[in-house]
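Lettered A, B and C in written order, each chain numbered from 1.
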Amino acid sequence: MWSSTDGVYSLTVTILAKAKSLVVVLPIFICSLAAPVHAERIEVKKSTITVSAAASLVNVYTEIGKQFEKANPSIQVRFNFASSSSLVSQIQSGAPTDVFAAADLSSFDKLLSTGNVVKSPKVFARNSMQLVVKPGNPLNISSITDVSKASVISLCAKTAPCGIYAATVLSRYGVVIAESKITRGIDATATLNAVSTGDADAAIVYATDAVSAKKSVATISIPAGKNVKAMYGIGVIRGSKNSKQAETFVSYVLSPAGQKVLNTFGFLAP
Amino acid sequence: MISLHGTVEVGSFSREFSIDVGNEIVGMFGANGSGKTSVLRTIAGLCPLGNGELKLGDDLVDAPAKNMFVIPEMRNIGMVFQDHSLFPFMTAVDNAAFPLLMRGVKRTAAVKMAAEMLEQFGVAHVAQHMAPTLSGGQSQRVAIVRALIGSPSAVLLDEPLSAIDEASREGVRNHIREHLVRLGVSAIVVSHDRAELDHLCTRIENYTR
Amino acid sequence: MNSVSSRTPRFVRIGALLGVAFLALPIVGLLKRVAWSTLCRQLTDVATRDAMRISLYASVCATVLALVLGLPLAWCLARMQFSGRRFVRALVLLPMVLPPVVGGVALLGAYGKSNGLLGGLLNSLFGIQLTYSLWGVIIAETFVALPFLVLSLEGGLRSIDVKYEESAAVMGATSFTRFMRVTLPLLKPSLVAGLMLAWARALGEFGATITFAGNIQGRTQTAPLAVYTMLESNPEGAYALSFLLVAISVGLLVGLRDRWIGGSSQ
């Protein structure tokens, strides 16, 4: 029969014995942490990168982010989605960002001139515009030419890339829509939502957004001759505290793995 | 003519009352809590009777058994409330003129009559003062004027002289009696001051229970 | 005036100073960004003028509509006994706690042309569309401003001593006359404070407006929407309009002075 004092005594002896062995094991353990570990599930110190991306990339980049984190367990990705033009303002005001992915290349021109990036962006995808209307096309809109049948048309902000692309498409058709009929969405997603959940009759949005909206809108394609080639650019922001990890992410987006995801969501190859 | 025979019920208070007032000034004497104010409120129509009947003149104005109740604004009663209840956002003269405006008298005529009567009761000099700035005695006199001015068919006065200073009491009392006699109406005065009732009223009822 | 309550402890004073600094710094920062030399030109820009015109018109209409809907509501909450009272009060407070965009989505569900409960009916029967119109702006602003007015009025109605209305009744005032001549004057402080708060809230609304009424320059683009839109394309104009809105707000608060806390002016 063990008395309690015996129990405590032997427990103490056991702990001290273990402690002695720890003194030997601990340094080895710490050293092993510093070495690259592949197969073992040991808690590694994670670094986080912030990726500011155009609103039209919300679905595809979230998916890329998941796959990237699986492939690079030491890097955690945090996304910040908004219209490319407002992201440019944010970055110029000093918002901490590691990677910027824009729906056009002129956003990067602006950042180059203010010194927020030092080199040209890499083009990682292409997109085009499409006309979306209410399911069933109740107003019988056949193309951009009769888009004025709609009483309210949703477009992006005049200075946002998708707004500029839409304006280009309209000018190629020679169609002018009165400002009093245009509602401007704060980003590409909101612009589409005006038709899918709101009361706008038509919107000019990215083809990829039209695809992800599925049955909530009807799509009218814009022929390639009159359509635009939206070039999406990606680059690392100057002053990023995790530039190495940021470059890793950029490489991933450009890699076959990243390109495959982009393709699945309807983006065209660069 | 006031004729009340029934149960006065206000909140948890309930008491049988029987009172008949002709062309006279009847005093109701009793301590606080005996229900005197509740009786006045019931006669005015602010509280319905529990049961019984209330007649003003020849008209039945409150009879629960017959489902009959005449709202206060149709009863043509002048009332001096215990705390005066002058409208705080009006001047003394506007307060006094209010019952006349309600009876359809044009504004200028009403204000003129009110000013004259305020003069009689010695408060003409505060006619243009806002009600909250008046002293207790002044606001009570304005309240008395307001109760008497509209040619009411019955007048109810709840502690009408409580805030008037000793020296002026007699004068105010006399004015009240003068007006009541001139109007030829039934009046009930409630007070815990026996001596005051003796001087003002023609008859006194005791409600000390 | 005793010495215990009149002496404010130092830590309280420091805390208050921090609070003041926290609130004042952004205003100062905003004023610093305004380009004073181009202020007039920016404020007379078409987009800015349109935005101010729409904002002022819609916010005033919204305040009036809030009064029409809110006064009876406040009356019933303050003076009537009815079952479901707690539910009604929660409903009144709901727009205050809902994120404004959610409010906009909810409004679409009710008054949207496409699948709104009432909106669909209005459209198919009368061809009326509330979204993307000035009326849409007014509806969105009324939705968010109504609670402020109801709360203020309800508080005011509760605090009125019923004795004044009683004495008015004895003097021959009908219920309508009592309301106009006695209740309203007594309600004036709460009414004014409530209207000002409701108007300020309506003026500043963004999320519900943009979701329900859209962002159409010259038609539904209110001042807050214009500031947001101009932030990228014309920052100078955005700061100029922001300055104007701050000036209006300050003017409003100075006009209210101490009354908006609901107490007597001191």
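In the analysis below, a contact is a pair of C-beta atoms (placed from the backbone, for glycine too) under 8 Å apart; a residue touches a chain by one contact, two chains touch by 3 or more.
Worth saying up front: this structure is predicted, and the values here are computed from it rather than measured.
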Practice problem: Figure out the least number of contact steps between subunit A and subunit B, where 1 means they touch directly. | Solution: 2
Quiz item: Which chain pair racks up the highest number of C-beta contacts?
Solution: A-C
Quiz item: Where centres are the averaged C-alpha coordinates, which chain has the largest centre distance to subunit A?
Solution: B
Self-check item: Chain closest to the middle, measuring from C-alpha centroids that were averaged per chain
Solution: C
Exercise. Return the distance between the CA-based centres of subunit A and subunit B, expressed in whole Å.
Key: 80
Quiz item: Roughly how far is subunit A from subunit C, going centre to centre by Cα mean, in whole Å?
Solution: 37
Exercise. Please report how many Å separate the Cα centroid of subunit B from that of subunit C, as a whole number.
Key: 45
Quiz item: Quick one: in the complex, what on subunit A touches subunit C?
Solution: 83, 85-86, 88-89, 134, 151-152, 154, 157-160, 179-186, 190, 194, 197-200
Quiz prompt | subunit C to subunit B touching residues, read off their complex | solution = 163-164, 166-174, 177, 182, 185-186, 188
Self-check item: Touching residues on subunit B, where the partner in the complex is subunit C
Solution: 44-46, 71-77, 79, 81, 83, 85, 87-89, 98-99, 102-103, 146, 150
Practice problem: Please give the residue numbers of subunit C that touch subunit A in the complex, ascending. | Solution: 105, 108, 112-114, 119, 129, 131-132, 210-212, 214-221, 228-229, 231-233, 235
